[in-house]
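Input: structures, listed below.
Shared chain: chain A. Partners: chain B in the first complex, chain C in the second.
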Partner chain A sequence: MNLPQFEFIQPRSVEETCDLLKKHGEEATLLAGGTALIVYLRYRLKKPKVVIGLKGLTGLNYLSQQKEGLTIGSMVTLETLERSPMIFHGYPPLNSAIQQIAVPPVRNQATLGGNICLENRCIFYNQSEFWRKTQGPCLRLGGGVCYAVEKGKRCQAVYSGDLAPLLIALNAKVKILSAQRERTLPLADFFTGRGEKPNILNQDELLTEIQIPLTEPGVGYAYEKLRVREGMEFPMAGVAVRIKRGENGTIEQIKIVLGAVGTAPIEVTKASDLLVGQKFDDKILEEFSNQAMEAARPVGNQIMNSEYRRKMVGVLTKRALRRAWAMTEKRESS
Partner chain B sequence: MSEFNVVGKREPMLDAWEKATGKAKYTDDLSLPGMLFGKILRSPLPHAKILKVDLTEALKVPGVKDAISGRDIPKRKYGIVPKAKDEYALAIEKVRYIGDEVAAVVATSPEAAEEAISRIKVEYEELPAVFDPLEAMKPGAPIIHEEVPDNVSATIRKEFGNVAKAFKDSDFIFEDHFETQPVNHCPMEPQAALAMVDHFGKVTLWSSTQIPFFLRRNLATTLDLPESKVRIIKPKVGGGFGQKIDLYAKDFCAAFFAMRTGRPVKFVYDREEVFTCTRQRHPMYIYLKTGVKKDGTILAQQFRVIADGGAYNSTAPLMITLACFFIMLPYRIENLLFEGYHVYTNKPVGGAMRGHGIPQVRFAVETQLDIIAEKIGIDPLELRLKNAFQAGEPHPAKLLVQSCGFSETLKKAAEAIGWREKRGKLPFGRGVGLAGASFPSGVSNMSHISSGAIVKIERDGSVTLLTGAADIGQGAETVISQIVAEELGVRIEDIRITAADTEITPLDPGTFGSGVTLRAGNAARMAARAAKEKLLEAIAEKMEVSPGELEMKNRRIFLRENPDRGFSFEEAIKIYQYSDRPMPIIGRGSYFPPAKEPTTLLHEDGNFSPAYSFMTQAAEVEVDPKTGRVRVLKMVTAHDCGKAINPMLVEGQLEGSVVGGMGQALYENIIMEKGQVLNPNFLDYGIPTAMEIPSIESIEVETNDPEGPFGAKESGEGTQLSPAPAIVNAIYDAIGVRFKTLPVTPDKVLEALEKRER
Partner chain C sequence: MIRFILNGREIEVEVPPHWTLLRLLRERLELKGTKEGCGIGECGACTVLLDGMPVNSCLVLAPKVEGRRVETIEGIGNKESLHPLQKSFIEFGAVQCGFCTPGVLMSAKSLLERNPHPTREEIKEAISGNLCRCTGYQQIIEAIEAVVNHLKRETI
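So, the complex of A and B:
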């Protein structure tokens, strides 16, 4: 499978990038690390006239610790993050989540921006041009049929980024830039829930920065990923949690965010509404886990069957909560 | 001190350095001036008549030089087994699976070729398709090949002993159904071919092949050329595992287009083509009935095996025959009734894969043995030891087993996995299991099965070795060089080897059936001996002794009784030359595996292989009862390979084989929906990664086979027969759930655990 023809432009600055985006509009696609995009191009899932390469940019490759937290340029590679002592010591669960993405050679190229902006995936969509001929185009490609969900009327391709759920749990924000304006918004609001267009970026916009606030004392968090092998696998389900310990072992705050079981990261809203102020025990774990399973929306668009994935959301939720809770204990004593 | 200097040493592979530094040249690394790039158009339909192929638009794409469809090629069928030829290089009248070859183009760039392919217009008339062999066997099912109206393209029915009586005499009878999945070989190097035609019309093809000489024959057939007009050269090959024994459209098309255009032509498959359009391990439905005595003696077995062959035969008759005969090793099975069917379906094609039809039945047998052991209250290890075949025993199918270390492999593997301490005694979720197997070391008698070698001793004391053996990454060239170096008493670095070029090197059947070391090794040793004899004769004359009194070792020729009297290798060569003897010193060897009653097994019983290897795999696993995920913690593989010419390479084979077997047990599965492969890539088709590989302990049991060179037998395929049942048996020990369908994925484990709780 060869790459299609396109014009490749490598801007030197963020401003130039914005101008290019404005000029080329629909015809342009951004290339960060390319680990996801190159496959799309080879499969002819995207046929841009212009590819704007971000690797030559100075100005989006920074990682700094401020008073309010971490700010990370969107072009920082996952390997850089994985090796950063700031993250290793300051955000150990984030480090471990990064290590569970793909394999080291991919992380060496892949960027944080690209990871967040990942297109949604579906076993009936992420296939070669030849493969797709057998069935004809699916909903997302303009055909009338969804092959994953019988009689499905909207694309339910699954958001499979590993980092967004955890970053949402940590209340991360993203900075978005275009030639006209800059906006900063919670990462939770970045996602549309539409299989075919998972994020709110306009054609002329670019994700420039990810901000991760400092975690307060008494907070613990964790990410659990479901996979069969230890490497080379997108999540079949992912659960990120953030929990705050209150007085006498009660739960003061809780946030559970699910990944890879829906068209966007799913926040288990019921969890935070009802169950705060309770003691952290097996009974409450069971309830959180049930709520998470209820909130999950896995459909048959991965190799692994969706019923299993839903069940695992429950198991992962418990495991993540236990780890996060243990972290709150550690943090209190230190 | 060992009696050998080079044999038995852990010599690094001769090309390890080249490969590790990326300098080794595989077919796709080669290029020739003016070379064109080819691409194949494949059928998007599982079963259809080809009404019309219109190449006009493709030919208009800039850079495109030629295009063909099935109508343009010689109507010559090919196939790896002569009596089962059922394939054209490009489909002519109909397509039989998604991916079947319909047309091809060549262009000055791969991009132009790909573009051109998309412009070819094909009119199909879709036909009803069938995807399950059980359905395909039913009357009224769609007919895939007109010549085979029942879709059963190979059948075997064999009875040994008196099965009905033996079942009557049994104290217990066990009946189980098993199912195995399609598995892809996943060689790191995808299939590729580069062809060139010279002024005399001779085709030279560089191909990622395991069997250059067979390929020459098949390619000549499909091109309608005499064999003398075809030369095959095998560059470095990045793994084959059986998938590169067939001729593929890429070979034919490269050669055919080179003939048509006069330019060199290259075809390289992409990974999706490797997954869907080459070969895969046959999925099987297996019914197994076994009768045993109270004491565990196996009296009889009855099999009904239905192999899903996909759209074409490839090795069908041989595959199903091997499945039958290798039931009767490594255990004593005197009464056997075997019915096997190879059935066409509209799916990717089954072919030879490491173990060739045997891993599937071995999974059934070894899993059932554990069921039997539990029921009659015998330790599974004891049950196996009790029924273990021994060297020299008469064999019901007349296989001649001259060396057999099976019992020893059982004991050693059990000991290494901690059988006595662990089996049944580990906490819930942890368990151990084991399973045995046997495999031939090459094939005794089939046409085209001889191997030849030429050894030249050069004036500077170096040695040139020509062998037809095809090194596809297993290290054949290294091992054969070691054998020659040992025989001549020189160092391995003194040997220069040229291999697997049908025009330069002597005939060799190629890499399959685990016969290379034994066959090509013996040929090379004979050649080395012949050269050595010539040299010794000259030295004996000079020293006025008889050649028999001389020894050649450590680059010296000396009197055995008085080692100080002698000459260095270089001096000896000078003496040879000055004695007016003709140079170069050439020795030739041709080896044909002797067997008392040789047979292909396809028609009559007899001895199939010059030697048989035996092995036991043992596994320790950990099951996460909440997620159903299984982790293999440790694998032991005890292998009777006769004699390890190079223990490091043997271990490499054993470890690779074990990991492949783990893939079959837990991870790998070609998932299909209406004949379409849903996971034709390494993301969705999960081979075990470095992260999954457990600690592996390889134990070599040496039995010094009388027929093998220096006592060597196979070590390539046998080990892949039984990791899966060993792991599945260990899972049972861990959680008390028995799996009879592969692979054992987490969702299945969880479901089974939940069912058991209810």
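So, the complex of A and C:
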């Protein structure tokens, strides 16, 4: 199955890219590593006249540690991040989350920006044109119904990026650029929750930078991923947590963010109301786990049924919290 | 027109912008050793090396390799002088139908170039993007390990 025809332009600067986006409007699509986009093209899920390749934007290929934290250009590959001693030593759970994405040949091309900007996935949508023809277009493709749930009136495609949940838990921000303006906002506000248009990027905008604030002493964090086999697999559910240890083994702050169980990463907001000053014990773990399960919105359109995935969200929450807590202990003593 | 280094030789070739590297290799350059399985990054049959690193050539637009170094299975050995990995694959029965083999060999070659003494886990990770429906992987891993052990002996 070949790709549809398009023009391929490889700009040399961010400014040139913004101008191209402005000029071509809806007809243009950005290609970073292409590991997701090429598949959309092959399936005719996108039919751009112009594809703008970002590889030449060496200005977006940086990784630097400053006193406020880590700043990463959107064109840095997952492989570069995985090999970076700065991340391996400074942000070990991030390193491990990256290693769980896809497989080495994909990570060699895939970028952080592309990972965050992934389109939502659904087994009725991410199929070849031929396959889709057998049942008619779904909501997202201009039809009247979402096949993922019975008589679905809303697109239920799932946000399945692995890194956004963890980065949101870490209070990361993103920088967005267009020919007119630059804006920086919390990654949590980047997502719309709309299956057919998962992020707030306008047609003329480009994600340029990801900023991860320094984690204070006493903070631990972790990401747990559910998948069918160990390699090459989008998450069936993902749980990211960040926890801060207070006096005498109490919990001072907590943040739990779920991935792949909704149309956007879901922050379990109730979790933070529950706890301040509580001891970290099995009882509180159980409560967090219940709240995470309640917040999850898995749809049964994937290989594992939704009830199983919801239960696993509870299990993963406990696992992630235990690991994050252990990390706060290690960090305190060092 | 794009220019790049293919298996050690500089080439210049006309290619439409919407062609993948895989299509360029197979349909224009007649290098059919690189296979197309899924076309969507999931099987690894199309693995080639780009600047020494394995990539899925079905996911790379051909114009993106301008000025870069591409290596395919045709570049690593030939009937008269097989690459040590190729010899070892034959010896260990790591080739059955052979469809996955070029991709696996490219992943393995890249690994050994960057890390001549990988552990078994590192070998498994390096070929985790290459699906094999025949061998069950055991023979493949053993064939690669045998080359690693041979390299170890040579350096002692």
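Convention: the second predicted complex is superposed on the first by the 334 of 334 C-alpha atoms of A that agree within 3 Å, B and C clash if a C-alpha of one lies under 4 Å from a C-alpha of the other, contacts with A are read in each partner's own complex, and residues count from 1 in each chain.
By our rule, contacts are C-beta pairs under 8 Å (C-beta built on N, C-alpha and C of every residue); 3 or more make two chains touch, one makes a residue touch a chain.
Because the structure is predicted, anything quoted here is derived from the model rather than measured.
**Student:** Mind checking the superposed model to see whether chain B and chain C fit together on chain A or clash?
**Tutor:** When both complexes are placed onto chain A, chain B and chain C end up clashing with one another.
**Student:** Check whether A:I284 is in contact with chain B, with chain C, with both or with neither, and answer first, second, both or neither.
**Tutor:** A:I284: touches no partner chain.
**Student:** Looking at A:I303 after the superposition, I want to know if it touches chain B, chain C, both of them or none. Which is it: first, second, both, neither?
**Tutor:** After superposition on chain A, A:I303 lies in contact with chain B alone.
**Student:** Quick one: classify A:W131 as touching chain B (first), chain C (second), both or neither.
**Tutor:** first
**Student:** Would you check which partner chain A:K311 touches, where first means chain B only, second means chain C only, and both and neither mean what they say?
**Tutor:** The answer is first: A:K311 touches chain B but not chain C.
**Student:** Output check: A:F6 vs chain B and chain C. Expected answer is one of first, second, both, neither. What do you get?
**Tutor:** In the superposed model, A:F6 contacts chain C only, not chain B.
**Student:** Check whether A:V228 is in contact with chain B, with chain C, with both or with neither, and answer first, second, both or neither.
**Tutor:** First partner only.
**Student:** Quick check for you: in the superposed arrangement, does A:P104 touch first (chain B), second (chain C), both or neither?
**Tutor:** The answer is second: A:P104 touches chain C but not chain B.
**Student:** Of the partners chain B and chain C, which touch A:M86 in the superposed model: first, second, both, neither?
**Tutor:** neither
**Student:** So which chain C segment collides with chain B once the two are superposed: 3-11, 93-101 or 147-155?
**Tutor:** It is 93-101; the other listed stretches have no clashes.
**Student:** Do chain B and chain C touch any of the same residues on chain A, and if so, which?
**Tutor:** On chain A, the residues that contact chain B in one structure and chain C in the other are 1-3, 5, 103, 230-232.
**Student:** Once bound in the complex, which stretches of chain B touch chain A?
**Tutor:** 42, 44-45, 98, 110-111, 114, 118, 270, 272, 626-629, 666-667, 671, 676, 678-680, 682-684, 686, 688-692, 745-747, 750
**Student:** Taking the touch rule as given, give the residues of chain C at its contact with chain A in the complex, in rising order.
**Tutor:** These residues of chain C touch chain A: 16-20, 23, 39-42, 44, 47, 50, 53-56, 58-61, 63-64, 107, 125-126, 128-129.
**Student:** For chain A, which residues count as touching chain C in their complex?
**Tutor:** 1-8, 10, 31, 33-35, 38-39, 42-43, 51, 53, 55, 79, 102-106, 108-109, 230-232
**Student:** Where on chain A does chain B make contact in their complex?
**Tutor:** Those residues of chain A that touch chain B are 1-3, 5, 103, 123, 127-131, 133-135, 226, 228-234, 303-305, 307-308, 311-312, 315.
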